[in-house]
Every structure is written in C-alpha cells, then in structure tokens.
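So, here come the structures, one by one.
The following pair of complexes shares a single chain, chain A, combined with chain B in the former and chain C in the latter.
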Partner chain A sequence: MSGYVEIAIGVIQALVIVALAPLITGMMRKTKAKTQKRTGFGIFQPYCDIIKLLHKDEVVSDQSSWIFRFSPWVNFVAIGAAAFFIPVFLSNSPFGLVGDLLLVIGLFGLARFFTMLSGLDVASTFGGLGSGREMMISALLEPALFLSIFLVALTYGGTNLSTLVGAASDSPLLPHPQLIFAAIAMFIIILGETGRLPFDNPATHLELTMVHEAMILEYSGKSLALMEWSQSIKQMILFALIVNIFIPWGISSSISVSELGIGFLAFVAKISMFAIFVAWFETSVAKWRLFRIPDLIAIAIASLMIGIVFYFL
Partner chain B sequence: MISNLILFQVIVSLFLGGAMLSLLSRSGKFARSMIFVPSMAGSALTILFSIDVLAGKPLSWAIPNMIPFFNFEILVDGVSAFFMLIIGIVSFAVSLYSMGYSKEYEITKRISAFGFLFNIFILSMFLVVGSNNGFFFLVFWELMSLASFFLVIYDHEKEGNLKSGITYLVMTHFGTFFIVVSFLLGYVQTGNFSFDSLRNSSSSFPFLIKNLMFVFAFLGFGTKAGMVPLHTWLPQAHPSAPSNVSSLMSAVMIKIGIYGLVRTVLDFTGFGASPDYSWWGLLMVAAGSASALIGVLYAVIERDIKRALAFSSIENIGIILVGFGLSIVFASYHLVSLSVLALVASMYHTINHAVFKGLLFMGAGSVVYATHTKNIEDLGGVIKYMPWTALLFLIGAVSIAGLPPFNGFVSEWLTLQAILSSSQIPSTVLQISIAFASLPFALTMGIAAATFVKLFGITFLSRARSKHVLNIKEVPRNMIAGMSILAAVCILLGVIPFLGISLISTAFHLSSQPSSPFDAITLQNTAGTSFANLSMPVVLIILSAMAVAIFGFIRVIGGKTTKTICGTWDCGFGSLNERMECTATSLSQPIRAVFRVFFKPHNETNKEFFGQTNQYLVKTIKFNSVTKNIFEENLYQPIVNSTLFVLDRIHKIQTGKVNSYLLYILITAVLLLLFVRLNH
Partner chain C sequence: MTQSHLEQYKKEIQGKFEDKIIKTEENYNELHFILTNQKDIPEICTYLYANMGTKLATMICTDERKLGNGFVIRYVFGKENGEDIFFFVTAKIDESTLSFPSIAMPIPSAALYEREIHDMFGLDAVGNPDTRPLVLHEHWPENTFPLRKEFDLKTKTTRKESQYKFLSVQGEGICEIPVGPVHAGIIEPGHFRFSVMGENIINLETRLFYTHKGIEKLAESMKIDDVLLLSERISGDESVANSTAFCQALEKIAMIEVPRRAQQIRTIFGELERLYNHMSSVAGIATDIGFAYGSSRLNIIKETLMRLNESLSGSRILFGVNRVGGVRCDITDESKTTIMKTIDKVSKDFEKVVTLLKSKSSFVDRLQGTGTIPKKAAQDLGIVGVAARCVGIDIDTRRDHPYAAYYTQHRGTPQEITQRQVTMQKRNGDVLARFEVRIQEILESFEIIRMSLQLESDGLHANTPTNLEPFRSALGYAESHRGQTVHWVMVGENNSIFRYKVRTASFLNWPIIEQAVLNDIVPDFPVVNKSLDLSYSGNDL
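Right, the complex of A and B next:
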C-alpha cells in the first residue's frame, strides 16, 4: 500500500514542477521589471500566455520537415519526464530507483538536440546562428556540469537523487568545504543551462546576442507554447536541484501530512527566494560577449577543481 | 543437433564460397546475390554460432603441424563469441545493404573483385577472433589488413584514394610490427606460438617482459583501433573506401583491435592484481581521453560526412579505452566489482559503437549513393526526398550522441559511473587525476552531440544548397532494410540494457548477472545505500506516459490546430535563398573559435572595392579559412622527412656501376672473414 502512496507522491512532485514552472518564470519577470523600475505584468502572465498560444493557429515554414513539428513534443516529453526524478518536498522519491542525475542531464540533452535541429530546419538565417551558439555553450558546459555532479555525488554518496538529497538534508549547515565551490559552479552552470544573463538574454530578440530565442524563432501557436513551457520546467528543475542540494532544510523525509505540508511550503519559499535572487542578479550584470562565455565556464571549472582537491585531501 | 565445429566450418566455407562465386560472376542482379547472399548466410550463422558458444559450448579445435612447427588452433570462448556476435550482426546488415549499394559501382567496373575481397575481409576478421595460435592469428590479421587495403583503394580512379590507401597500408604494418614483437617476446618465454601456453605460463614471466609485452601489444592493437596519435590512417582510409566497406571497417575492424588488446591484457600478459600494474590502465585512460577529445574536435569542424564519421570513430575508441583502462586500474587495486562495472561499460560501448557507427556509415553511404557528394556544404533538405534514410540516420545520430532512451546513453552512463567510482581507489594522486581526466571526457560528450546536430542538420534539414540534391530519390529497399536492422538493435540495446549486460557478463564470465529484463542497474556506494540506479524500460514508460498526457492536455485545452504553410520569416526583405542559410562551417565556427589554440585556423580575407579611394564600398569579399592538422604537421611530417633524408644518404652507395658493387662484395667478404677469425 505504501508503495502506491510513494508512487502517487512521486507523480505529484512531478506535477508540482510542471504546474508551478510558469509561475516561477512569472515571478522572475516581475522581479526584473521591479528592479528596472517598471511595473511589469502580473506573476500569472505566463499561464495566460500559454493558454492564449494554445488557442492560436500555427504558421509553419514551407521549408521545414517533420523534425520542426516534432521537436516541441520531444522537448516537453523529455523535460517533463526529467521532472519525475527530482525530489521536491519529499527527499525519498520512488523514481530514484528508475533514474539518477545523469539521466536528468541526458533528457535535457535530448531536448536540446531537437531544439538545435529545429533551429536548422527552417532554413532561416537566425536559426543556424542560435544553434551554432548553443552547440558551443552546451558543449563547454558539459564538463563543468559533470564535474559538479562528480563533486556533489561523491560528497553525498550517490548520483541517485533520493540518496543525494536525503544525505544533504540529514547533514548540518555547510558540512563540507568543497560544497561552497560546487555551489558557485552550479550557480554559473544553471545560468548557462537556462539561458539567463550573462550567457543569453531571454527577453531580447537581437540577432547579435540571442541564442535560445533564435532557435525557436519560427515557432507559433501550440508549438511555441510547448517550447516556452518546457523551458520553464527545465529552469524549475534546475532551481529545485540547486535548492534541494545546497539548502535542503525543511524537506520532508517521511510520508506524513504535516511533514509533507511543511516540505511543500518550505520548497515554495526557497525556490521563490532563489528565483528572485537570480532575477535580481540578472539585472545587475550585463550580457557577456559570446566569446567571453568560455571564461565564465572556466571559472566554474576552476572552482570545481579546487573543490575536488579539497574533497580528496 | 549440429556440433558447433561443423557450424564453424560451414561459416568458413560459406564465406570462401562467396569469394569464389563472386570471381565467377559478372554484373547484374544475379551477380550481386551470388556475392552477398553467401556473406549474409555466413553472417547469420555467425550470430547463431556465437550465441551457441555463449550458451556454454566453447569450441576448441586444433590441427597439429598444419604447416611444419605451427599448429592450427581454434578456440572460441565467450570473449571471442562476443566479438563474433558483433561481426555477425554488422556484416549481416551490411551485406543486405550492399545488395543495393553496389549497383552504384556496376556502371564503371566489375564487382567480382569487390565481392571476393568483401567475403575474404569478413572471413579474416572472423578467423582472427577465433585463432588460438600467434602465428595463425598474424596470418589472418595480415589477410584482414590486406583485404581491407584493397577495398580501400577499390575506387582508385578517384583522386587521393591511392594515397590514403598507402597511408593505411604503412600504418597498419607499423601496428603489425609491434604485435609481432609482443608475440615474439612471448615466444622467447614459452617456446611456441600457442596462446594456450602463453595463457598458462604468462603469470610467471619476469615483470619487465610482461610490461614490454603489454606496451608493444598496446601500440600494435592501438594502431588498428585508431588511437591517437596512431590514428592518422583512419580519417583517410574510411572516407576513401566504398561506404559499405567503411561501415565494416569502422564498426567491426577497429573493434578487432580492441579484441586484441582485451585478449592480450586479460589473457597473455600475466596481468596481476597488484598496484604495480595500475599504470597499464592509466596509460589506456590517458590515451583514451586524448583520443576521445582530439577525435571529436576534428569531427565537429569536418565538412566531409564520411571523414566526420571516421573522426567520431576515433572518439568512440577513446571512450572504450577509458572504460577498459579504468577496469584495469580497479582490478590492480583489487576493486573487483568496480572493475566489472568498468569492463561492462567499455564492452557495452564496443557493441554500441559497432551498431550505430555501422548504421551511420550506411546512412552516409545512402546519401552519397543518391547525391554523389560527400561534402555536406552541398547538401541540405535531403529529408524531404529520402525520409527513411533520414529517420534511420537520426536514430544513429541520437544514439551516438549518448541521449536517452537510445543505446549510447546506457554505455556512457556506465562509463561515467565508472569514472565516479574512481574515488574508491586508495591513492589520492590517482583519485584526483582520474577526476580531472573526466574533464576532457565530459567535454567530448558535449561536443559529440554538437557534431551530430551539425551532421544531421546540415545534411538533411533546411533548403538544398546545390544542384546535387535536385531530383534525388529514396535508396532501394534492401539498403533501407540493412540500416533498419542496426537501428532496431540501437533501440533494443537502449531500452533493454539487460540484453547487453547479460551478454557481456556471460561472455566474460562475470560474477554479477542481472536477473530479469526489467531490473534496474543498481550501483551501491561504500555505505551500502544506493549510489545510482537506472531502469531504461521504466524510463520509456514514463516518457510515453508523459507524451500521452501532454498530447491529451493540449488537445483538450487548445482544441484542433489549424496550420498555415508559409515562407520562413525573412524580416520583410523577401527572397530568402539557400546562400543565406547556415553552413556547416558557420555552424561550427563558435567551437572553432573557442579551440583556436588546437585548430590553429589561418584566415584570409580578400576584398575588392568599387573604387580605389573608397574603402567602404566592397564589391566582392572572399574569405578563406584553413585549419591545420597538428599531428600531420608536427609528428608525421618530421618522421617522413627524416626517413626520406636517411634513405637519400643510403641512396648514394647505389651508384649503378658494377665495379663498386664488386668492391662492396669484397669488403663484406673481408669483414666476414675477419669476424670469423676473431671469434675463434
């Protein structure tokens, strides 16, 4: 019986991520507007956008193939499936037995692969630009990402996310010095993976700088809704990971209504704080030139290397 | 029930028969079936045979003194059967594919020679893996090298193919030389060439001999496998060969190099579980990481579709070597279960690479078959004309990029877990250095995904870039069928890793066997809790559930979609054409710029102005960018030059006059007499 309850909670955790992801995006946009002395839209605007787009007709390029029509679905399915493996408010997810952190990264890779292809598919001048830049950024982020997984997994004894977050929530405040370096690197990586400043600016459509927006430029209607939504989910997953690994307080470790409730509230509070912090951080930095981005990733890698030496010595 | 010795003999005679029949045949459909039906039957029986052996019936067969002093010995154990299974699966698919593909060559030349070599090539690989005697191993090895050499230069009319054939011939003999030295060292110790005697007595060899044998075998087999810096033949030979042959070479032949390495290290060199041997593994990890990174860096900037695939083979050999090397390191520190994990990872990647690289080379071959160009800058939009080829190539590309739920992901996952487990090695220096060695490895995986986005995207998607793509049509059905077989294996090995893992653990007699197809792969940490789990069937279920759910949700909320077909957005300027879209070079430009230290690009811009005085109005602009191959220029060119220099000096004594030759004879005779006298 408890098996079914666990699976149900696992599914609920995934649904929470899928459902709340646009809200986080809305909160970040609102924060950015406020810090730039604008009023901004309400925080529920992304939901309205998605519903509006779902009702719209689609315009499809005559040059495109089935890859273009297929890839929003691959995006959503891959990233949505990744949400199943993320501990949200209960540290011990039954889906930890199915896949680990490396699988989550693999699923993101699948989504990105198809996004890059769809950028090329429409024969537009922008799509290729975006895909080429994304190729570079994602390739360079990969070693940083793997090394940070290496460090965190070794510290907490597993790439299995249940083990990882469970061990993190049991340990006292900042138990290991190497985690500071891991956190710095993870923060940089997450900015890169979610396409935030200084890597990419999700709010502009300037051909000199755009990366992700250039690839999805030709999308409209339902496809665009799927693309935007899955991007929000990916961002939410990465935020949930960093929050639950480095500030795991409040996460529930047993199945009881009160603990789960506290866990949920703590999660919402933590992730909102983190999202607001990221948005504030974005306002205070400028976009970096594309070929300076490797420097930024090098900072992350250097920080991780120090962390690794700390761990083993 | 047929004994597997008869099965073995039937396989050999089928390939031999195919070779003979093709010499008798002329051209046409009938000739093609005379060539490829025997090889298909032989390959199918090879699959049966290896499964039979894996089921617990190893084959051991010997003809004593077949040639005086040399016993012909065959031993097919689990390891051989595993590699024979790879040979069987890929050769079957490639033979089926070749039925259609070789039509391309019938226009210009007879395919009988091709058919002869094709059958002999597969047969020689089969026999190399089965040999249990150093002498016959080398005979078949040489046969394999020569057959593939002639296949590489089959298209010798095309410019450059002869040169790449010669490079291949020289490099492969360079490798064979080292293998011979390694076997001779063993011969000196045991007194015969039989692998059995090596197996029985190698643990008592002196430590130095063991190390030397390993180093020579590593260099020799590494050359065949295409390990950096001995890889230089690979990106030349694979693109020159007809695509079905490149498919066999890249998918199977370079794996025979891996087979040789595995066989020597695990069986003959007397590897012992002591930290003294850990440097063997570390050498492999270092060579593997270097091969992986360097291979993929060249692959990502390449514009020739087959060369890019060849470079990517170097990369994958690197991944296999990293896994195998880690397994050796773990074994030398008595970490048995970790050693098993790393070995499974590397062997899983071996079979995976055979399957998806075979598929990709056949896919590239289909594109070349239809468009007659290998340059992807001239392609584009092929997916609209060849939907099946595109779909199958995409499956191969996603698999090789290591993305779930395909097979590349499983083996890369296992390899990454093996790297993560390096923290259990009781040596801080090793822990930190393997942790840092994972950096180039992870970078490789990132760039590999980018490479295949580029290869697939530029070849198949967007607008046609040249007239090569006009009026093309889908390739014949048997070519599609050949590719589909391997694509199906890609998906199977990805979704049910149980298949591959139980195959490997049976072949290598590993202790840990997965019990049911739906068991998760479970790794434990030192505390005994779960370190990592992976259950691909459930992942597939989650993916499909998610797909159904989101499709239903969108349909219910959004209703039916009306699609309008319209031109791509052109910013209102109009007349967007194929010259404005992204090319392969521009797509990989950011990566080339980041790694400019490695590529050393030389850029040249020539502008022509409308007026001499006004430097702002440009009439034409020409941009030329050349990247250097640092291995060719800094390693091979000096060696070739100095060899030529030495040969030039030696050349001086060849005057061509009879008098001087008589003088040489006189001097030699006097020296010999002196030598004999002094020795007395």
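Right, the complex of A and C next:
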C-alpha cells in the first residue's frame, strides 16, 4: 500500500515541477521588471503565453527536416522525464531506483543535443550561430557540472538523488566546508545552463548576441510553447536541485500529511527566494563578452578543486 | 577676422590657379571659385584638401540646364581649425559626355557623393573605383534620374529584377551572415552582410537607402514653409538641428538678421535635443550589453527630458520650434524655472547612474577595446561628431563654424584648451571612448543650457522675407547629436526651392562602421552600432 502512495507522491512531485515551472519564470521576470523600475506583467503571464501559443498555427520552414519538428517533443519528454527523479518535498523519490543524478544530466544532454540540431536544421543564419555558441558553452559547462556532482556525491556517498537529499537534510552544513565551494560552482553553472546573464540574455531582441533564443528562433505555435515550457522545467529542476542539496532544511523524510505540507511550503518558499535572488543577481551584471565566458566556468572549476582539496583534508 | 582670412585665401588661391578660375565670389563665410574647365577639379580640390587643412563638407550637383549652365557640381570644403570659412569649387559639367573627373582617390569621402550623383543625375565620375548604384536600388529601371528637372515627381517607375553584388570573401571556414533589412527590434531598415570566420568578423558590408523618400526632389515642389516642416522630418530625432540648418541657409539668402533672443532659444532647443538623444544612446549601449538596470535608469532620465521638451514646445521631439527668421516658440520666465529645475534634477540623477556604470567591471570590460575606429580611416572618410571626437579628431561645428548663439560660448582659457587637446590625444576610438565622449557632452549641454538662459529681449523673429532673389544660394549647418549636418539651398523663381541638398552626419559616419568592427566578434556588433548612433532615415533621405 505504502508503495503505491510513494509512487503517487513521486508522480505528484514531478507534476509540481512541470506545473510550477512557468510560475518561477514569471516571478523572475517580475523581479527583473521591478528592479528596473518597470511595472512588468503579472507572474502568471508565462502560463498565458503557453496557452496562447498552443492555440496558434505553426510556420515551418520548407528547408527543415523531421529533426526540426521532432525536437520540441524530445525536449519536453526528456526534461519532463528528468523531473521524475527530483526530490521536491519528499527526500526519497521512488524513482530513484531507476536513475540517479547522472541520468538527469544525460537527459538534459539529449534535449540540448536536439535543440542544437534543430538550430542548424532550418539553415537560418542565427540558428547556426546559436548552436555553435551553445556547443562551446556546453562543452565547458558539462565537465564543471560533473565535477560539482562528484564533489557532492563524495560528501554524501552516492549519486542517487534520494540518498543525496536524505543525507543532506540529516546533516548540518558546517562539517562539510567543501559544500560551500560546490554551491558557488553550482550557482555559476546553473546561470549558464539556464541561459541567464552573464552567459546569455534571456530578454534580448538582438539576434546577433543570442545563444538559446537564436536556436529556437524559427519555432512558432505549439512547438515554441513546448520549447519554452521545457526550458522553464529545466530551470525549475536545476533550482530544485540546488535548494534541496544545499539548503535541504524543511524537506520531509516520511510520508505524513503534516510533514509533506511543511515540506511543500518550505520548497515553494526556498525556490521562490532562490529565483528572486537569481533575478536580482542578473540585474546587477552586464552580459560578459562571449569569449570571456570560459573564464567564468574556470572560476566554477577552480572553486570545485578547492572543495575537493577540503574534502580530502 | 574671418573677412581678412577670406581675402587672404582668395588671393592665395587665385594666384596659384590664375588661369583655371574664371571668377571668385563671396557670400558671407563662403568663398566660391568658379572653374573654367571641369578637368581642373581634381587639382584644385586636392590642393584645398591637402594644403589648406579642410574637410569635404558636401558635394552638390544641380541641374541648371534651364539657366543655360548645364549640370553644375559644387564641392564644399570647410575649414575646421577655428576659421569660419567654406570653400566652394564650382564646375560646369560637360553635357555632351555627362561625366566628370572623380576625386575619390585623393579624397576618399567623395566616393559616396559621386555614386549618389551618378544615381540621381546620371553623371559618371570617371575614376571612381566603385560604380555600383547607391541610392537607387537595382530594381529601379535604367536611365531614370530622379533629380533631373525633367523627371516628374509623380512618375511611376517599373520594377526591374537584378542582384546587388556584395564583396565576397572566400576561403576555408568563411561564412556569410546576412542581417536585415528587417530587424528584430523596432528600428529602421538596413542590410548588413557579415563575412565571418567562426565568431570573428572578417568583413562587413552595409547596404542602406531602403527608406529613400525623395526628400530633395519633394522639396523642389513645395512652398518654403512646408520645406521647413519637411526638414524637421528628415530624421525625427534631429529635427532642431536640421531645421536650424535649413533656416540659416534661407536667412542668409534673404539677408535677414535673426534677433538675439531667437538665436539663444535655438541654442537651448538644439542642446535639449542633443541631451535627450545622447541620453538615449548611452541607455542603448547599456541595453545592448545586457545591463538592463543602467539602461532603465537612463531611459527614465530621457523620458523626463522629453516631457520637458513637450512642456516647452508642445512636441516631445521638438517639432515646430524653428521658423525662417527666428523661432516659433518662446521661453517664458516660467519655463525658465521649469528648465532649471528639470536640469538640476536630471544632472544629479545622471551623475549617480554614470558613477554606477563606471564602477561595474562587467560593463566597462565589454566596452573597452570594442569597435575601435582606426584614426587613419576616420580622417579619410571625413567622419564627424562623436565618432570623430572619440578618435581624437577635434571638430565641432558649434565651435568651428559658430551659429545661433554659439558665438557667445566661452572658448576656454589656454590652459583649458591644452587640457582638451591632451584628452583628445588619449582617446583611442573604442566604444568606451564614445561612451565617455557622450557623457562629457551631456555635462557640457547642461552647462550650455544653464548659461544660455540669460535671454535677451529683442523679439522672437524677424519679418518673414517676401521676395527672395531667384537663384541665390547659401549653406546652412548645425551640429546635431550625430555631428555636423549641412544643408544647401538654392531658391528659384517666385519663392520656390530650386535645389535643396541635405547631408546629415549619418551619411558620412555610416561607412566607418565597416572599419570599426573588423577586430570584433559578431555578438559585439550591436553595441558598436549603437555607440555610433546612426540614423537610417537621415542617411537615406
């Protein structure tokens, strides 16, 4: 019986991520608007955008192949599947038996691979530019991401997310100084992975400077809705990972209504705070020169190296 | 002072080219040399350009066949070292061959004018290396020359299919990126053809004139008052500079003395226009490198200034300020206090934002070394305004050819002048230099407005001229926020306009962007473009 309940809660956790993802995007946009002294639109606007786009017809270039039509679905399914492995308000996810953090990264990789292909597929100039830049950035980001996962895995003993988050919520932060370095690195990596400043400007209209937006420039209608939604989900997953690994307090470890309720509220509060912090951070920096982005990733890797040294001390 | 210089130059040049100049005329600060034969054009122009320290200010072609003069080309050279003199080299063009010798090799900035004259009048510049059409795109039928007098304004032309030849760069790994003419933002149309190797720009070619509206032709069919309105609309954000230049040309033709108060008001509005546009450029630089906070702070200031414009003139972009002989709208004591209050508030705010921007390493790093203009290219192409001052070319029409109330501007003590020259030498032409020049000019504009508010009380405008002497011409000029704008007007019979030639700063400054991006990567292009702040409409006419 409890097995079913666990699975049900696991499914609910995934659905929470999928459903709340656009809200987080909306909150970040609102925060940015406020910090720029603009009114901005409401935090539910991304939902309206998705609904609007779902009702619209699509324009597909006759130069494109099946990859272009296929890749929004690959994106949505791969990133949606990754959501199942993420502990949200219950530390042990029942799907942990099937896959761990490495699988989540693999699914992201798959989605990114198809996004890059679809950028090249339509043979428009900006798609190719965007894909090229994305390849450069991701080739540098992925080793950093793996290194940060290994550091966390070393500390908590395993790459299984349930183990990680469970161990994290049981232990105070202080005995693990290396985690501070891992958190700094993770923060930089997440900015890169979600295409935020100083890596990429998500609000840009300048086709020559874009990275992620350039790749999905040719999409419209339902495909665009799926692309944008999956991008929001990916962002939510990464935020959920960082808050649950580094600020695990409040997450529930047993299945009881009160604990789950507290866990949920704590999660919403933490992730909103984190999203607002990221949006505020974005306001305070300019986009870095494209060829200086490796420097930023080098900072992340250096921070991780120091963390590893601390672990073995 | 100018008068004695004029005499001296007249003697010098007459002495040198005695047999080649039929006649010399003076018209205010203009010195006209009328040539016997068109084959002497290169020699005299090169002499003026190389030996007299002048810049090619504009090149004007007119169709004077009706007057028995055939086609006439006037080369205007302006002195830029403190002597307020313009040299005109006037030559009749042989109607049988419809061609004239090119001066594009010794004076590279002439190349574009010569291509323009070819499109509009059908006169070939012999020796110009670039014979591609400029203004009229390839779909125009052959042998259509809109500025010839026989071309009717209402002519409907047929469309011809043809391709423009871009310079192609070949080699392994070179890609072409076509951008525009329709862009992603709300901006005007223009085509940019990049040849890139990875992200590095190997070559950039711009293609403009998509918004060619036929302003010069249109003016010939309009009444003078309407042409004034037209001149304001050449480029919406430089309305005061353009209408001031137009009014000055007509005031010279009609020999009207503009009241001091009107001149002061022109200065104030001219500076207000420069202010809000510089503010907008600096905000644009911040937007283009993704620093939205800085840009929104600056945009708030810009909005405050535009509301000030509206409260003073009824127009946010200062339409309807000028009239021939003076100004239309007055600055009352009440508006003086509004101006002072707004300027005080805005300048405090502005200083805060600038301090913030300069303290952001990510901001400064993006600007430094980006879009560096080579000084040699800047001199050859004769660029003007902020673009020229950011490479240390110290030109400013307000000082070199003072108009309106800029006569009264304090020129600085010798120490200040030396200081200015030293700063000029240090400027290296990158986006950061342009950013700093603009900030400095904003601060100067605040100061000029404060100083100019001591208004005289001698009236807003002189009497409107009733009868203009036919076929008299004059040059008007002003410094917009983009640089020098030059308008040349020749009136016809019955107070009509015979020829109206406009040369805005954008026309001279567009080519430099092709040079400025050569050491950059593609994602830096938008900020380079924004820092130069060029107008498409003002270029395409």
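Throughout what follows, the second predicted complex is superposed on the first by the 310 of 313 C-alpha atoms of A that agree within 3 Å, B and C clash if a C-alpha of one lies under 4 Å from a C-alpha of the other, contacts with A are read in each partner's own complex, and residues count from 1 in each chain.
Definition applied: contacts are C-beta pairs under 8 Å (C-beta built on N, C-alpha and C of every residue); 3 or more make two chains touch, one makes a residue touch a chain.
Fair warning: this is a prediction, and the values are worked out from it, not measured in the lab.
Of the two partner chains, chain C is the only one that A:35 touches; chain B does not reach it. Considering which of chain B and chain C touches more of chain A, the answer is B. In the superposition on chain A, contact is made by A:197 with chain C only, not with chain B. When both complexes are overlaid on chain A, the residue A:209 reaches chain C alone and has no touch with chain B. Contacts of A:283 after superposition on the shared chain: chain C is touched, whereas chain B is not.
In the superposition on chain A, contact is made by A:221 with chain B only, not with chain C. When both complexes are overlaid on chain A, the residue A:5 reaches neither chain B nor chain C.
By the touch criterion defined above, A:129 lies against chain B and chain C together after alignment on the C-alpha atoms of chain A.
In the superposition on chain A, A:292 makes contact with chain C only, not with chain B. Overlap of the chain B and chain C contact sets on chain A: residues 125, 128-129, 132-133, 290-291. Residues of chain B that touch chain A in their complex: 380-381, 383-384, 390, 394, 398, 401-404, 409, 413, 416-417, 419-420, 423, 428, 431-432, 435-436, 438-443, 445-447, 449-450, 452-454, 456-458, 460-463, 520, 522, 525-527, 529-535, 538-539, 542-543, 546-547, 550-551, 554, 557-559, 561-570, 576, 578, 580-583, 586-591, 593-594.
Contacts from chain A toward chain B in the complex involve residues 51, 54-55, 57-67, 73, 76-78, 80-81, 84, 95-100, 102-103, 106-107, 109-110, 112-113, 116-117, 120-125, 127-129, 131-133, 135-136, 138-143, 145-147, 150, 153-154, 157-160, 162-163, 217-218, 221-222, 225-226, 290-291, 294, 301, 305, 308-309, 312-313. Chain C makes touch with chain A in their complex at residues 175, 177-179, 183-185, 198-199, 286, 288-297, 300, 360, 362-363, 365-366, 521-526. Contact residues of chain A toward chain C in the complex are 32, 35-38, 125, 128-129, 132-133, 197-198, 201, 203-209, 283-292.
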